[in-house]
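Chain lettering (A, B, C and D) follows the sequence in which the chains are written, and residue indices restart at 1 in each chain.
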Amino acid sequence: MGIAVIGGGVAGITAALDLADSGYKVHLIEKNAELGGKMEELAECQMGLSPYIAKVENHPNINLMLSSELERLSGTAGDFKLSVSGNEVGVESVVLAPGYDIPEVAKSYGYGSPDVVVSLDFEGMLKAATVSETGELVRPSDGKRVKKLGFIKCVGSRCQENEICSTACCAYTAKEAWEVKERFPDIEIYIFYMDIRVFGKDEELVAELKDKYGVKYIRSRVPEVIPEEGALTVKFENLEKGTIEKLDLDMVVLAVGLLPSKTLSKLAEITGVKTDKYGYIETSLTSPLETSVPGILACGTATAPMKVRESVAQASGAALKAAGLSQRTEPIPGQEEHKYIEVGDELKTGVFICGCEGEIANSIDIPAVVERVSELKDVVYVNSETNTLQEAMDAIESGIVDQGLTRIVFAGQSPRECEDIVRDACAGAGLNPYLLEMVNLREQCAWVQGPKDATEAAVDMLKMAVERAKYLEEIPVERYPVIPKALVIGGGISGMNAALGIADAGYEVHLVDKGAELGGGLRESTELPGPGGEQAADVLKELVDKVTANERINVYTKVKEEKVVGRAGSFKAKIVAEGSAEDVEIEFGACVIATGARRDFVPEGYFGYGKEKNVTTVSEFVKMLAGKLDANTIALIQDVPGEGVTARYSSIEVVDSALKAKEKNPDANVFVLYQDIKTYGKWEVLYKDAREKGVIFLRYDKEKPPKYEDGIVSVYDVIFNDEIQIKPDLVVLSTPAMPAEANERLSEMFRIPLKNGFFMEKPERPKMVLTPVDTVNEGVFICGSAVYPAMIDECLAMSSAAASRACVLLAKDFLETPAMTSVVDEEICVGCGVCEAICPVEAIELTEEPVPVVTFGVTTVVGRTKKVAKVGDGCIGCGSCASYCPSSAMSLKYFRDKQVYAQLDYAV
Amino acid sequence: MKGVELKSGDLEGLFKGLLDKKVVDSLILPHRVGNNVAHMMVTDKDKVEPPVPAIFAPSFSVNAANVVKGWLIKEKIGIVAKPCEIRAAIELIKLKQMDKESVLLISVDCPGAFTNQDYADHAEEIGDWVDSAKIEELKGKGIAIREACEICDKRLADVGDIGIVRRDGDNVVVVGITDMGVEALSAIEDISLEDKDIDRSGEIEKIASEAKKKKDALPEISSVEALEEFLRDCIVCKNCRDMCPVCYCKECFFDQPLGNPVGGDLLNIAELRGAIAVPANQLMYHLTRVYHVSTTCVGCGACEDACPKDIPLTRLYPVITKKVQEIFEYVPGKDVEEPLPFTVYEEEELEDKLR
Amino acid sequence: MSINKLAYYPGCPSDGTAVDQDMSTKAVFEKLGVELVEVEDWNCCGAAEVEDPKVVYALNARNLAIAEKEDLDIVTPCSICYYNLERSNKALKADEALCTKLKGIDSSLDYGGKIKTKHVLDVFVNDIGMDEISSKLEKKVNVKVAPYYGCYIGRPPETAFDDPDNPVLMDKLIELIGGEIVPNFNYMKTVCCGGPLMMTRGDIAFDMARKILDVAKNAGADCISLACPLCGMMLDGKQADIEKALGITIGMPVVYITQLLGLALGIEPNKLGLNKNAVDTKEILGKVV
Amino acid sequence: MPIKTWELDPNFKNEIMGEAGGERLASCFQCSTCTLGCPITEIVPSYNPRKIIQMSLLGMRKEVLSNPDLWVCLICQTCTARCPQDVRIADVLSAIRRIAEREEEAGNLKIDSPRPLFDKAFQHQLEKYGRLYDIGLAKEYYPKKEGSFIKGMKAMMKDYKDFGMRMFKKGKMGPKAMLAPKVKGRAVIKKIFKEMGEE
């Protein structure tokens, strides 16, 4: 049996890989002929996703069913029968990831002018501008250079046809604008918006766009684009001047919203899962991944509109839940031990050029390249017959076995996509995988060079590679056992959920928390936002009971410090707890950080908080709502400044409590003072409800914050363009969330960078996050409000994802030590210690050796010691030390200076 | 600040006291040799010779830090030197080429200095001390201080453990800058320390603004082509490296086969490209070196003094490295506890700066 | 063709300023073989001036009830009449209390919610169908047309039967009969003609009508086609007044779509009232071949 | 002068929402769609339906009801069609106009626009004849607008002499149009206005 994943977009791919990598049989069902979903259409995303696609395509545990659709589903959790385009598949659980579609655009936006494009198409244009002759961004209609570019947000969302907010558009618009500005700084950009719903890094990006790049953010929902005399005219309200202004643009990008995939309703019908009133698969705040049918999980934009980051987190989380219902049946790839042939000094280089299904062969004259490369010294074999990665791998394997090749040069698609696969092929044939040199002939040559230069460039690239290959050395590959246990730091909702996830997968978990009791920040909450009226205490109790009852989870409370050393698969820690005489020593293979966020920022001094007794915070207000509400006029002030960041739930909480106040006391005058209402996704409905119930929203500018003096709140409403005064009985402040105190210490210990005090995920492509819970420190995962102050459903999805990622690691028996580590030439090392200071993983230490000191050529004084750098376990091969070391005593295996110089000599 | 006001003649006693009380095992201090001034290492207090004012003499021979570089020894050495030398020593401590505990750094006010040769040639006229008026007067006679000193904005004795500040007339103020410095001074019997708060901010500003004016007036090297032209005469003798106090590699990259291609290597490259410039690596050598010292260069000008081809290297090294240091908001040698910028910067911070 | 008989609601201007529309509508339906039975003793729909929706619903309940007795769906050539009939029809079908109340006022307001209300344009394209019309065409109307739809064809959403921003039903008919749609007129198709303000803010109304006429002229149109008597009065009847008030010359013929369609069906121009349009239509007639 | 909310009428929004067509007022999120699509705003820049809505929500009853711009709306429904929140702006404004008319009738307000007069005249004609009677309408409206019968007739001639002749010549103001129509069910129409209009 196994698990069926339906949908081959980013969510489906992520879920499939997490499952397949941990030894489950996966049937990946995609209706299209290719994987990638909507992401395939986005240039930047395509690049980011393609390595994963290549991995799926070559994964032994994945049964890839392309151009296939689910036709029937019967049975129950643990024993489903699926009929997929005529084939019968039996699985234990199902993950639904059908993705999204985009709404139809109102005709008022330019009546199909070619210069009005939707964001997806604009990505394509940006990519085309990269490879075009001029490298300029030009208008589709007449090929003229774009000088003024407009983005219109909320097209097809937050409207009658699609009531909810599409969540992703604000951020992707900002990123597209950023990319345009980076590449074409002269283009003027205007972004028309209603609310800017971005958080964290995206928030900073928007600020940067406004301040540094001069991007004009204009608050007006532009309803029409009129093509007039070679320009696209839009009108907007200049709120400050109170006038309607016209602007002529060269091109308009419509940030269209997201709708549930067109296939979803059929899928829901077949599987029996319930959909909500918007057509998304119904999930809940406290179980964001489970559908109404046990055994069927849902993730990504099938459950609600969301960004890639959240989709991927949900996908990993859903994978974990699906795995919990299934049995591992498959071996885990890469766990077999290799024996490599001794290559000695013999140089027999084989060059393999893959046509990449025409993508390379179309623009490069491959026979000409083969002819020139064959002439090179040491090249004994050239193969250009292959067209797919799989064919190429077969050719390499037989080249090594039959021809006795000792160096392999592979030219094809980007190493990002296929390096691991090609190395495995070498290793499989018995050649040390580091005797391989990769050439990115597709992305770096065929796609970017004009047809004239491509062949010449390809020859040069191959010559450089052949030259470098000469100097490659065998690097021993060592393995060490994985300790099948995990440490979870933080006993809040995220930490407990992660611990349960890992424990349910069969691994022992150590769960540590600084508090005396489990529960974390949620213990301070009462009623959860939304119409459900769920009580935080009930949600918590259920989790705490499960954790306490779980035999595989060891709970440690009142923990002051965890002293962790080691690397992925093999960590050790001392747990220092308050009031316990002895530190507990534990071992584990993976760690999940779930420290949560703090809500205890005291807005002392803001709006008289602390002095005036009618000034309170939202969390206090929510508690007041449980009792009798006397206040007749209430002013809720959103985005009160202070240290910390805006939480995802901050605006939701304000709107929710305003609504609840109004429901409790319909005659009350409830005002919400805000900068941006950030009720993303389905939460938009709260905002609508609040307005309809009579809550009054007043928008202020950051530069002109509201004031509270003599019992009067004064606010300059920038939409109304006038000062409005309120005499409130109660002033409610929404304060920023702050990172957990432990983050700083954990960041240093684990060498995971923080941003504004919150943990940063492993950086991917600049525009997207595909590994939201992975960190630069392999084996350490992050989730929940330790990453950003998140909503409960996000915390649950993220923590399931972190557990899933941890389980992928723990499922392995062995890990390989990284091969490309740093080495020190002790003779040259001068012991300055800069490498030690800059090493991101503390893998270098300075050792002292006694040496005589020589002055003026004479040994005058016997010195104490000489310091020499030593590279220890844990080196991740980042190369920081080698690039800094002034005397080149440090170098990186596989990137030895002489190897690089050999290549450069050909290049220059 | 704890310190004491003395006659400059009393400094002799102070140095003797440091040796006598075993505060230091040895002292390196400038002394007069004929018409010139050079560094001397003294272990016997009786060999501390008058006239001590030679320590203020506006002469620059080698950077004292370059002398003691790599002395990782138990014994404690006191170094009496100009601020740029002391600052270089502090950088070397950070780079673990010296031990903080085994040096006592004593900086002295510096009016700017002449090259060894210029000073020797005009010792009479120049004397033991020059003020700005005198510098101008001498300039009129064609006797100019080094360009490195002209653009130097850190000439006051406010670094190291102890500072020796010149006052009007014959007086000096000796202040303890670090705890180690205060302790050292307290050990000397004849001296009783009192609170000495000397505000020299006005002076510092004046020096900085003049130095900046001078620096801005220097011809700029604004392109690689201009740099190639600037370095045209360089013979890659590596003297600049050898005299540089903060160039600390045990085995320089340019002494290794990759950095110093010879014979067959060069022939191979020449064959590949058809022709190559010799001596090879002229540009690469200086670019690598300027990168290596980019945060640590104290602008002492030793490189220029060392150049046999009279290339005005001041216009390259201190000028360019200062720009880098401004990006990192780093002043080399200011504080021994301040980490090297390369080891602590966050990539994003840098992005902000460079934008 | 599924329709052969409809109740006809001519609307108030059919007796006067839009008699040409009335004539052409009747003629065209006759030619297409659809019998029109005028709603007996129909009353005004409330136009734009009766602002209280409940009064509008009541007024139209009477018209609807009359047609319902004949068991016929109602068709009207007037966009405002259509809007009022249709929204009343919707409201009455949805609101039982309202119906009961109206019944209490008078038995003639007892409407059972059984019939549909239609605009002629909708009937032509969607009910009779392009194929049927095409089969009856006798002439080619070789004119360049600016198709002007006005307000109530694509708006508001609940009564609309075409796209609010780029309606196409009239375009389809024009193309079918051999006419050409002028470019660059699209964005004027649905901008209000100003008619409702004619009596109270004539200045604004003139300004708005002029814009439509200007754009059509600049686009090179031989005529504007429309489907609403108020638009007709504003753009055709008042065109000379606009020219006088604003000191300009326009001379843009304005015809009802029923008139154009009638020409293509080979109907005598005078039977279509083409001699009654305020701006002379001779040039257009010359292009019918 | 800042707007002091405590001096306003927070119930005003409920008053509007109580009127037929005004129900969706509070859904507005001030996005500007209505104002930006409005053909009137281009000609009368002070006319801003978005702002009228926010003033209504805040409770600025006096300011809203006496705003002369209330009367320039064409009811062209562009705003309503495009409104992302289904506020039905045209209907909301109509509801506000009705409140204003009632206030005027009660003597609390002076409306500076002939539009209510015209609408009322139209309704009277309708009540009387069951259909629109152009001449009757003009004869009722103009004197009211101009303040006296003579002035009214003069103004009517000015506006309609040319147009009337033009229509007459083209046979569009023939005998049928000159005579008042007489719908048989006039009594019902009268009842309708009486029963439905005075709620």
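Please note the rule applied: contacts are C-beta pairs under 8 Å (C-beta built on N, C-alpha and C of every residue); 3 or more make two chains touch, one makes a residue touch a chain.
These numbers were taken from a predicted model, which means no experiment stands behind them.
Colleague: Count how many hops through touching chains it takes, at the least, to reach subunit D starting from subunit B.
Modeller: Minimum number of steps from subunit B to subunit D: 2.
Colleague: Which chain pair is joined by more contacting C-beta pairs, C-D or A-D?
Modeller: C-D
Colleague: Between subunit A and subunit C, tell me the centre distance in angstrom, where each centre is the average of that chain's C-alpha atoms.
Modeller: Chain centres of subunit A and subunit C, defined by C-alpha means, are spaced 56 Å apart.
Colleague: Using mean CA coordinates as chain centres, what's the gap between subunit C and subunit D in Å?
Modeller: So the centre of subunit C lies 23 Å away from the centre of subunit D.
Colleague: Taking the mean of the C-alpha atoms as each chain's centre, how many Å separate subunit A from subunit B?
Modeller: Subunit A and subunit B have C-alpha centres separated by 49 Å.
Colleague: When you check subunit B against every other chain, which residues touch at least two of them?
Modeller: In subunit B, no residue touches two or more other chains.
Colleague: Could you say which residues in subunit A touch two or more other chains, in rising order?
Modeller: 106, 108, 160, 224
Colleague: Which subunit D residues touch at least two other chains?
Modeller: Subunit D, residues with two or more chain partners: 82.
Colleague: Which pairs of chains touch each other?
Modeller: A-B, A-C, A-D, C-D
Colleague: Give every residue of subunit C touching subunit A within the complex, in rising order.
Modeller: That would be residues 157, 163-166, 186-187 of subunit C.
Colleague: Which residues of subunit D touch subunit C in the complex?
Modeller: 20-21, 39-40, 43-44, 71-72, 74-78, 80-82, 88, 90-91, 94, 97-98, 113-115, 118-119, 122-123, 126, 130-132, 134, 141, 159, 162-163, 166-167, 170-174, 176-177, 181, 183-185, 188-189, 191-193, 195-197, 199
Colleague: Subunit A touches which residues of subunit D in the complex?
Modeller: 2-6, 10, 13-14, 26-33, 35-37, 41-42, 45, 48, 50-51, 54, 57-58, 82-86
Colleague: Write out the stretch or stretches of subunit A touching subunit D in their complex.
Modeller: The touching residues are 106, 108, 154, 158-160, 194, 219-224, 235-237, 242-244, 633, 669, 671, 677, 687-688, 691-694, 696-697, 699, 714, 719-720, 722-727.
Colleague: In the complex, go through subunit A and note every residue touching subunit B.
Modeller: Touch residues, subunit A against subunit B: 212, 753, 827-834, 837-838, 846, 853, 855, 861, 863-867, 884, 886-889, 897-898, 901, 905-906, 908.
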